[in-house]
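Comments concern the structure below.
Chain lettering (A, B, C, D, E and F) follows the sequence in which the chains are written, and residue indices restart at 1 in each chain.
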Amino acid sequence: MQLDPVILFFVLGFGAGLLRAEMRLPSAVYELLTVILLLSIGLKGGVELAEADLLQILPRLGTVLIMGIVLGLLAFGLLRLSRALPRSDAAAIAAHYGSVSVGTYAVAVAFLDTVGVAYEAYSAAFVVVLEVPAILLGIILVRGLRPQNGWSDVLHEVFLGKGVVLLLGGLFIGLLVGRQGISDLEPLFIDAFKGFLALFLLEMGLVAASQSGAIRRHGTFLLLFALGFPLLGAVVGAVFAWLMAMSLGGALLMAVLGASASYIAAPAAMRLSVPEANPGLSLTASLAITFPFNVLVGVPLYYAVLSAVYPGAGG
Amino acid sequence: MQLDPVILFFVLGFGAGLLRAEMRLPSAVYELLTVILLLSIGLKGGVELAEADLLQILPRLGTVLIMGIVLGLLAFGLLRLSRALPRSDAAAIAAHYGSVSVGTYAVAVAFLDTVGVAYEAYSAAFVVVLEVPAILLGIILVRGLRPQNGWSDVLHEVFLGKGVVLLLGGLFIGLLVGRQGISDLEPLFIDAFKGFLALFLLEMGLVAASQSGAIRRHGTFLLLFALGFPLLGAVVGAVFAWLMAMSLGGALLMAVLGASASYIAAPAAMRLSVPEANPGLSLTASLAITFPFNVLVGVPLYYAVLSAVYPGAGG
Amino acid sequence: MQLDPVILFFVLGFGAGLLRAEMRLPSAVYELLTVILLLSIGLKGGVELAEADLLQILPRLGTVLIMGIVLGLLAFGLLRLSRALPRSDAAAIAAHYGSVSVGTYAVAVAFLDTVGVAYEAYSAAFVVVLEVPAILLGIILVRGLRPQNGWSDVLHEVFLGKGVVLLLGGLFIGLLVGRQGISDLEPLFIDAFKGFLALFLLEMGLVAASQSGAIRRHGTFLLLFALGFPLLGAVVGAVFAWLMAMSLGGALLMAVLGASASYIAAPAAMRLSVPEANPGLSLTASLAITFPFNVLVGVPLYYAVLSAVYPGAGG
Amino acid sequence: MNRKLLTVITEQALERQLIRCVMEAGARGYTITEARGQGQRGLRSADFETGCNIRLEVICEETVARQISTRLHRDYFQDFAMVLYLEDVEVLRPEKFDASGHQ
Amino acid sequence: MNRKLLTVITEQALERQLIRCVMEAGARGYTITEARGQGQRGLRSADFETGCNIRLEVICEETVARQISTRLHRDYFQDFAMVLYLEDVEVLRPEKFDASGHQ
Amino acid sequence: MNRKLLTVITEQALERQLIRCVMEAGARGYTITEARGQGQRGLRSADFETGCNIRLEVICEETVARQISTRLHRDYFQDFAMVLYLEDVEVLRPEKFDASGHQ
């Protein structure tokens, strides 16, 4: 199969980072890339929503919400069973893994475009839905219904973070103006998507490498969890996709949503609400282990397996 | 009529801003967007200038200069008559409203492209001309011919601000190399124009929302002026367009130039030259009231009216 | 001949800079542009490498390495003969002129695209090779084999600077995925290349202008050297191109590599390793004199001469 | 003429809470600059997703400074990266920095 | 060995004037960092078009510091957001910071 | 309760070396902000390719501060743009800043 160049950008960044090359993109550039990717995914999803049957999709959002809680509880349960971590750390990690990584989702979308497999682009709406429940769950698991600094800051962080607002905004704009309406926006948001994704992954590689020193510090248990849970999460995601009768492409996206862990919304929210949890632990797991794993191994692996076993995949 | 998605980006930004979502673009990104928009508008204008009769256009620049002074004096007169504001504040606001907003001009250009109406793209030169006279007028109205910190800093700020230099630079480059010559620059400066404008308006929506708290503080008089003066300014602009025998599209651009208020060059210049004027007042008016009004209501409104009444509009 | 608009952007920046217009791009934007240009040049080169005979090219890299040392020694010899500068300053300047400027290389590539002359795009690999030897030579000429702060920081700076890593990374990615593979990256990295180059040159014009005050301070000797050495370097580059039997386009690129002076890798490395050398001296020469000279005069001049005399140029 | 200058270096994530605490204690203003650094809780910079620091300065009366510093110790020292120090400074319009000051 | 450290926090728009004032008063240098903050004139940050602040530091002799602070008060305190404070600092090569110093 | 605050303003290029020097002298942390400015070695800002400055602060015991300042003088004062000054500050958990401190 053809090598996807965006993945090589991640490898480049990761390698450069390990060698301590001085080339982190300025944070302003990273933010610009994030904004463009979020809007781009949102717009594409919205255009598809405009052409889909909304009444059919709405109940699926509820199903996906349940998936977020299932994933969070699964992660928390496994971590507590292992007795390796205090309650607060287990809850914080559960919040990360029940939530999702938009970057990984973008890689899966690029993968499907490259191999030429159709998918339900409106799944962008699922990304939005999944941003929320696991984070709230994580907080409740530690604080009950009274987080450290009150709910208002937390809810603000979760619902009004860049991720939710831009994805949702893109979805609505795409939904309102339709495929024809966004045609003037395509050069920047659609045609250049893979180029921006390449730059984003270059940066993410550098970031992941800068965290990788922490892996050793946090021990093999974390490593095992951060490599093992994605596999479980992918299965959960694929099962939910099957429950919702999605296509093979859609099933890959759902698997990736299940397998990926948040490294933007969750860290910020957990830092404020469960400050006694060690932020290094959950960030190392999601950013330095799970993200690279999914990008390099997970996406093609899940696809290979799904091609073979997913109902109707012709495998 | 088809909804223009760039406007929806403004709405998204404004809404997110009101909800205090944490997503302001870094200032570096905002500056990059400004630079690209200014150059893009300048280049397009220059290419048209290259194909137009320069001898016919030069006297029009003089006419437009007069329009800037007329608008500034009108605004100052109205504000002084109302007795609501001290002389310095009236002059500062007059400087803003006699000058123009490049962002609003870009929205009008995008609007005309969307509805498919031709326009004199060389009007970009008018934007440059209008940047200057009202600001100088505003200073003279307070200081006479001796501004607070001497003329040199002010003239520097006015003539060598980003706006004038980049617009003028783009115009000259477009004029020198012509349509054929800029073809390699088109992917970035022309094709992606609307995408960049969308990001710019997203940011402007956030900025406008962040200022909107100030509206209440400054009272209804300011609100009335900032909503009413654009209507007057649009009429003035349209009349000048008619005097210069411009097309319907050109008349819309002139109306928008008349209706819009500066929020970049004017604030910086007035802050230094008339520091006793309250900068919150003029910025709230131009940025939090007039800009959103023009983008959301003004542009289509002026166009609807002009379609009906402008000579030769076939209305 | 058709004026190349990217050169006019440099002129615009330079003029605006001389007038002290307030419009430097934020450093984050400058870094983004650098990253995109480096990757773009690398990718194009890599794609060509994928289609070329690697066994034929590898020995050429060695030849180019020798060229870097020849240029460095030439510059050092001339400067020492003149007795105008202490050893440390001569060595620092030699390091700059034996090394190369990627920006100038990009201008030459754009020039060849505009005039429609073919060239060996894999020359991007030569840029990487030339980044290194002259800098190490410069250090050794002053410190012998014991630089001020040890070799490790210096080697890190030289081999793991943005320039080498991104060019090399782009080359490898292009080489691995080939022309077909990078097609999705083209909108950002290939189609928009000239637009980004225009913005980059705008900024470089501003930077060069901001340094130009220093020219007077450093006297006419520096001016003469910074204008004269590029001519010599261009001849050296062309001779090496001829030795390697390159095309006319390739010969121009080699001439430009010979004529240009580093203003990124070399300054940083020399500052740490030969701190007693005056950084103003070498930066003024390379950035404020040689770079503008090459961009405005050198590239077309070298091309005109090569068209007339280069074997097989049909001149 | 003398007031206290209190400087707090801490995680960016706390900015909102910090400002609330400072203003509630009666300070009349504050200044923030972006910073990075290292301390007991390791390296903190934009290069690490643990994020940057902020450096907050407050000029105020000694009692206000003590109150802020007590509250910060109580609420954040255990779980957050935080450093805090006090200096004497001379200001020209001291009333501008007083909890009871008239503008 | 002792000199004064004068810190001025004010609107970015004044940078050019501020530097002129500092150098004319006889200071040998200055350092500027970007800042944001809040005071009598409200919130000042990049998020608001009123713009950011700058934080300027000058190490100099006491007389120079007094002169700068007097001029800033006279010219800018009424119309601009501005805060200004003085501290004692110990420097190692005091002549580097003196109006009459030889380089 | 009293410690020294040492501030160093110098070229960005020296950051790595500076941090090494500070930590080797026994400091327990440091804080860096980006700065620009002017001094004997001319204007230093992002606008000039000579580059920006950094402003490094270390809270530490007096002996550590003296040691850092001596080493910086010896190694860098001659060839690099550098300014350095010392102040007294009051900290709340002094052991957090001591070379011999227990975390």
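In this text, a contact is a pair of C-beta atoms (placed from the backbone, for glycine too) under 8 Å apart; a residue touches a chain by one contact, two chains touch by 3 or more.
Computed from a prediction, not measured in an experiment: that's the story for all the values here.
Across the assembly, the mean Cα position most removed from that of subunit C is the one of D.
Here D-E and A-D were compared by C-beta pairs in contact; the pair with more is D-E. Note: the chain lying farthest from subunit F is B, by mean C-alpha position.
Separating the CA-averaged centres of subunit D and subunit F is a span of 21 Å.
Taking each chain's centre as the mean of its C-alpha atoms, subunit B lies 35 Å from subunit E. Each of the following residues of subunit C touches two or more other chains: 26-29, 32, 187, 192.
Shown for subunit D are the residues that touch two or more other chains, namely 33-34, 87. Chains that are in contact with each other form these pairs: A-B, A-C, A-D, B-C, B-E, C-F, D-E, D-F, E-F. Taken together, the subunit B residues at the contact with subunit E in this complex read 24, 27, 149, 153, 207, 210-211, 263, 267-268, 271-272, 275-276, 279-280, 283, 287.
The part of subunit D that touches subunit A in the complex is made up of residues 11, 13, 16-17, 42, 46-50, 76, 78-80.
The touching residues of subunit F, when paired with subunit D in their complex, are 3, 5, 19, 23, 28-34, 59, 87-92, 96, 103. Taken in their complex, subunit F has these residues touching subunit E: 9, 33-40, 53, 55, 69, 73, 83-87. Against subunit B, in their complex, subunit C makes its touches with residues 2-6, 8-9, 12, 16, 19-23, 25-29, 32, 110, 113-114, 187, 191-192, 194-196, 198-199, 202.
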